[in-house]
Amino acid sequence: MASTQAIFPTAVAACLDAAGHPQGKLPDFARDRGTLVAMYSDMVRTRTFDAKAIALQRTGRLGTYASCLGQEAIGVGVAHAMRGDDVLLPAFRDHGAQLVRGVTLEEMFLFWGGDERGNDFAGPRRDFPVCIPVASQLPQAAGVALAMVHKGEPGVAVALAGDGATSKGDFYEALNIVGAWHLPAVFVINNNQWAISMHRSHQTACDTLAQKAVAAGLPGERIDGNDVIAVRDAVRRALAHARAGKGGTLIECLSYRLGDHTTADDASRYREDEDVRPHWKAEPLVRLRSHLTKAHGWSKDEEDALLRGCQSQVNTAAERYLAMTPEPPRAMLDSLFATLPEDLLPAARELDDG
Amino acid sequence: MASTQAIFPTAVAACLDAAGHPQGKLPDFARDRGTLVAMYSDMVRTRTFDAKAIALQRTGRLGTYASCLGQEAIGVGVAHAMRGDDVLLPAFRDHGAQLVRGVTLEEMFLFWGGDERGNDFAGPRRDFPVCIPVASQLPQAAGVALAMVHKGEPGVAVALAGDGATSKGDFYEALNIVGAWHLPAVFVINNNQWAISMHRSHQTACDTLAQKAVAAGLPGERIDGNDVIAVRDAVRRALAHARAGKGGTLIECLSYRLGDHTTADDASRYREDEDVRPHWKAEPLVRLRSHLTKAHGWSKDEEDALLRGCQSQVNTAAERYLAMTPEPPRAMLDSLFATLPEDLLPAARELDDG
Amino acid sequence: MAEMTMIEAIRTALARALEDDDDVIVMGEDVAIDGGVFRATDGLVQRFGAARVRDTPLSETAIAGVAIGAAAHGLRPVAEIQFMGFLYPAIDQLANHAARLRNRTRGRLGCPMVLRAPFGGGIKAPEHHSESTEAMLAHIPGLRVVIPSAPAKAYGLLLAAIRDPDPVVFLEPKRLYRSVSEDVADDGAALALDTAFVLREGSDVTLVTWGAMVTETLQAATSLAAEGLSAEVIDLGTLKPYDRAAIRASVARTGRCVIVHEAPLTAGFGAEIAADLAEHRLTSLLAPIRRVAGYDTVMPYLRLEAHYMPSTARILDAVRSVMEFA
Amino acid sequence: MAEMTMIEAIRTALARALEDDDDVIVMGEDVAIDGGVFRATDGLVQRFGAARVRDTPLSETAIAGVAIGAAAHGLRPVAEIQFMGFLYPAIDQLANHAARLRNRTRGRLGCPMVLRAPFGGGIKAPEHHSESTEAMLAHIPGLRVVIPSAPAKAYGLLLAAIRDPDPVVFLEPKRLYRSVSEDVADDGAALALDTAFVLREGSDVTLVTWGAMVTETLQAATSLAAEGLSAEVIDLGTLKPYDRAAIRASVARTGRCVIVHEAPLTAGFGAEIAADLAEHRLTSLLAPIRRVAGYDTVMPYLRLEAHYMPSTARILDAVRSVMEFA
């Protein structure tokens, strides 16, 4: 029972308050200016990418896009806690995590622009592509963890999912098998309070999402998802736990979806601006910037340089993406199987001719 | 949090110990001799049916059959707690519950003998037929509960499922929607320790199955499933709770599968006789009989008469079942739709001719 | 009569059904306050209340299972799966339960539910938002599969589906949601299920299709007419059970058949139609039966999507090849 | 060489694969100590240990999803679904992930998994234990569907499936598990996938089938021979992608085709074969293509099951009707 009772404190672990004041002693890594600046920079880069992606979509140059506005700390914190030999299984709102893992901005534009090459990352070769069917990446994460155990690799499978995802059977079956098989897998829930139009309070009668870990005999934790230090620290601990052979963890990160669900959504249909406004006060970038400024002398110049740098990186990547010619039509067949079966030759010929 | 913390006591509620001694004050209904005798009789009738079904299967006169040996108290206790306007959604091992609900012995033989007419109960017209795909009856129970609420009926949907069923996504999705929608549904888990060859300890890392209710924000309870009084009492309370508009409950009943999984199974492949033997000491019939004898003067004559009565009822039903001619082949089409579509006319003709 | 898009016609039919029958409820992800991601249910919760127009948690298995339980206990649930690519977790409930409940209880319990799902590509949607897996569903005995191809048909067929005593999967070609409008009378009149629609009469070749591909198919027929070729265009309307008689009759007259669908070729529903003709109208056939279908691959992401979708040109090529056949 | 039943051949192939390649793991419900409900994995856990032969919790979605994740990360999982009727909850993972992973990552991640499932009726099993839904799976682009029809084929095809770099659904006709035995060499030799087997050569009519129905089909061919009719019998072996060339070539010679399958007629896989012939071999056809298939209804409970299963007599009727056709 020990493991399951641990989650009952509904307290939300945070390292910084909304104004950026440390809450008690910070974790070791968070006392290093360079580390904090790296995390901050990645959050800014993520937000810059996000804004550009929305702009491209609005002008018809990108497909439907899911903004991560206000949730940058989760992806960035998670990926900063991970090692190269871990594997990330992202959902569709985890741009920050993908960027930190080494997926390039150009690859990300390609993916959201509707080009499969965007999933053929040059960087984290074993990371999974974005997963669209909600929660279906979670059983796969258990499978990756199983392969790691089997091969004696020291890695951990880390999957991200939303609050809505916790209602799916997949989530639960995966969590249960992680528990039953004692697998090195960490599930991080981005509880951004919304699943399209459904508020978290209607998604489940649970007080917390972390308590769902109780159903699998796993430890669950609640973290302030606007606090990148807290996210990273919680994931770091969960990864160490898993790497030590102690099994998986469910981490609920509390955040807020400041934007629409996707560019195809209009959140004003189901929530008021007044509901959203207070959450701007708690958003993750301001918080870490305040802390950096107060505790590490982060300057206006540094900030400006960072913003300019991110903007130019993102613009360059967007230009490269836009300049890239689409694949030839028969690319839709070429990677379906390792070797094209004969059955598909007529289609391949048609596509070549067409 | 109150609702979810309630389950943490791992204590198992029981009214009688294995020797039939009352543990504290018995619930009101359990002080009435007639009520106890009725429950006892239903358990004996269930066990008699069970033995006959196995015998018929062994001689090729019934299909594969799932014995409920040792688990009679669960079905009988559940159904005795229910009212006529409740709806039962049974799994495949809930013969006791079906019998008490009014499904006839003959209908049950028909079903297990491979005849759909066995599901066309004359008695509980709104109860569901036996559900084979594990856990798939649970979302349906939520749907029945929804219909009851919608129609202003005072009923509760009661579904039975096994310990293995609690690993399925269906179980969890159903439980979650019962919680989220506050539906009058009660899920009773027959934790008979086995899912075919998998012991409960491998099915999930949870210490209890009742704690899985925590994932849905529902109350969960653990009951001694060999104690028909305790089962009935727990279900009675859960039904009252649901009828009062307070929502659903998950009840874990601890029992033991004394027989093979089904007549197609050979449990000696995966468990030792020594593992099973101690559980015979806790089985439900002996327990209630001891209590009846000690507290209510249940006599040897009464016992003999009961056994004889059950035997003759079961034999008569079996004979009627065996004498019943199968439906004509085209019955396989006649109830597929409310009205046979034209598309099926050629098949109907073929079946009529063939 | 009012001019409506297909999405408006669907909404109007849902409102009509909710109005007419208290047992009708609407449920699905985002169907209430948001009005559905395509707005099919816009305004319904305001009009009929949150008890009858219900947002579900994000769980497709539960959506289908709850609909079944509710239907068996006397409601007429109209459940929505947000996109057909997310329907797979509901198939177990559909195939193992919805489609069987009446049969296995020999009529004691019915399952008058409708499962709506937008389907098909061509709107440059993200991955998994463009599937056409109607053939998988049409293989399940006991299930009806209905696909409207225009606003008035959507209205009449949806009402028929809701009133039908058996389970219906109602697949809505999302490419047509807003692309065409026509006059629709909100008169509560249902259209007959299991009956094909002849969209255009013709004598030289029979074109059979359903859903969004009626657009390209009718375009092809128009082009052919300009060339002096008379194409009959049949819209199945109901895929299972489908109107074999209508197609056989048409092909008996024309002697030629081209079947058009967006789903992958192999084991697509076009195969069933061709097979039926190869058995029952072989001697009428003057030319091979051609299927113009999606390629046997995953619907590509949006940059290549247009190359996947069967085009008017591909239909015309196929028709010409069967016309030239001798 | 040893005489083996199909279940023994499958077990032997699994042992061989486990022996040859450390990345192969076997997983499913009751596959370890119990050796599988049909004993396909009997003795494997004792020989290869509980880390490689794994009992899973009762959760088919997880079984498929775990297999995908493990395959993508370098293992070669052979997962078992206990009965095909319980495969539906795995379809989402199969269709939306297993079948697509290589394509959507442009080859970066593969999915070399095998999902085994016993299928088909005729053993008087309980409800939901007798399905044949191979056509649904064969419609999914990117998936291979393989069905053996005899012990040696089961051995060779299963090894091929396990070694294949792409996902394979391996459907085992459970009616044949113990009904026939033949010599099987445990020589580690795989059979070619995607290639049909000509079980019997003939010149008058082509009978196409797969799985357990080879029994009745061969019986029919024998009866026909006694009447002086020469039937060619083709066993597909792989349903997707299937050996269109072999069937077209046979029908080009015989001019007549009868397709036999146990699954319901409508949108069954027989439709695909007939449709392919109606397009590519129309001029060779001397008679209508007949499909002898299950009726479009739910497999009945055991008392009526025999009336559902396509019988030798029904096959003979169909063959006679195409032979008499003029």
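Should a chain be cited, it is by its letter among A, B, C and D, assigned in written order, with residues numbered from 1 in that chain.
Methods note: contacts are C-beta pairs under 8 Å (C-beta built on N, C-alpha and C of every residue); 3 or more make two chains touch, one makes a residue touch a chain.
This one's a predicted model, so the numbers in the text were calculated from it and none came from an experiment.
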item: Centroid-based (C-alpha) most distant chain relative to chain B; value: A
item: Chain pair with more C-beta contacts, A-D versus B-D; value: A-D
item: Intercentroid distance (Cα basis), chain C paired with chain A, Å; value: 36
item: Inter-centroid spacing, chain D versus chain A (mean Cα positions, whole Å); value: 40
item: Between chain C and chain D, centroid-to-centroid distance (C-alpha), Å; value: 30
item: Touching two or more other chains - residue numbers and ranges from chain D; value: 57, 59, 61-62, 85, 89, 92, 96, 103-104, 127-128, 141-142, 241, 266, 295-298, 301
item: Contacts with two or more other chains, residues of chain A listed in rising order; value: 116, 133, 167-170, 173, 176-177, 180, 202-204, 331-332, 336, 343-344
item: Interface residues, chain C side, partner chain D - complex; value: 61, 85, 88-89, 91-92, 95-96, 99-100, 103-104, 127-128, 133, 135-136, 138-139, 141-142, 240-241, 263-264, 266-280, 282, 285, 287-291, 295-298, 301
item: Interface residues, chain A side, partner chain C - complex; value: 63-64, 92, 111, 113-116, 130, 132-135, 164-165, 167-170, 195-198, 202-204, 264-265, 269-270, 326-327, 329, 331-333, 336, 343-344, 347, 350-351, 354
item: Contacting residues of chain C [partner chain B, same complex]; value: 23, 25, 51-52, 54, 56-57, 59, 61-62, 64-75, 77, 89, 92-93, 96-97, 101-110, 141-142, 164-166, 194, 241-242, 244-245
item: Of all residues in chain D, those that touch chain B in their complex; value: 29-30, 32-35, 37, 55, 57-62, 85-86, 89, 124-129, 265-266, 295-298, 300-305, 307-308, 314
item: List of chain B residues in touch with chain C within their complex; value: 87, 89, 116-117, 119-121, 125-126, 128-129, 133, 136, 138-151, 157, 169-170, 173-174, 176-177, 180-181, 331-332, 335-338, 341-344
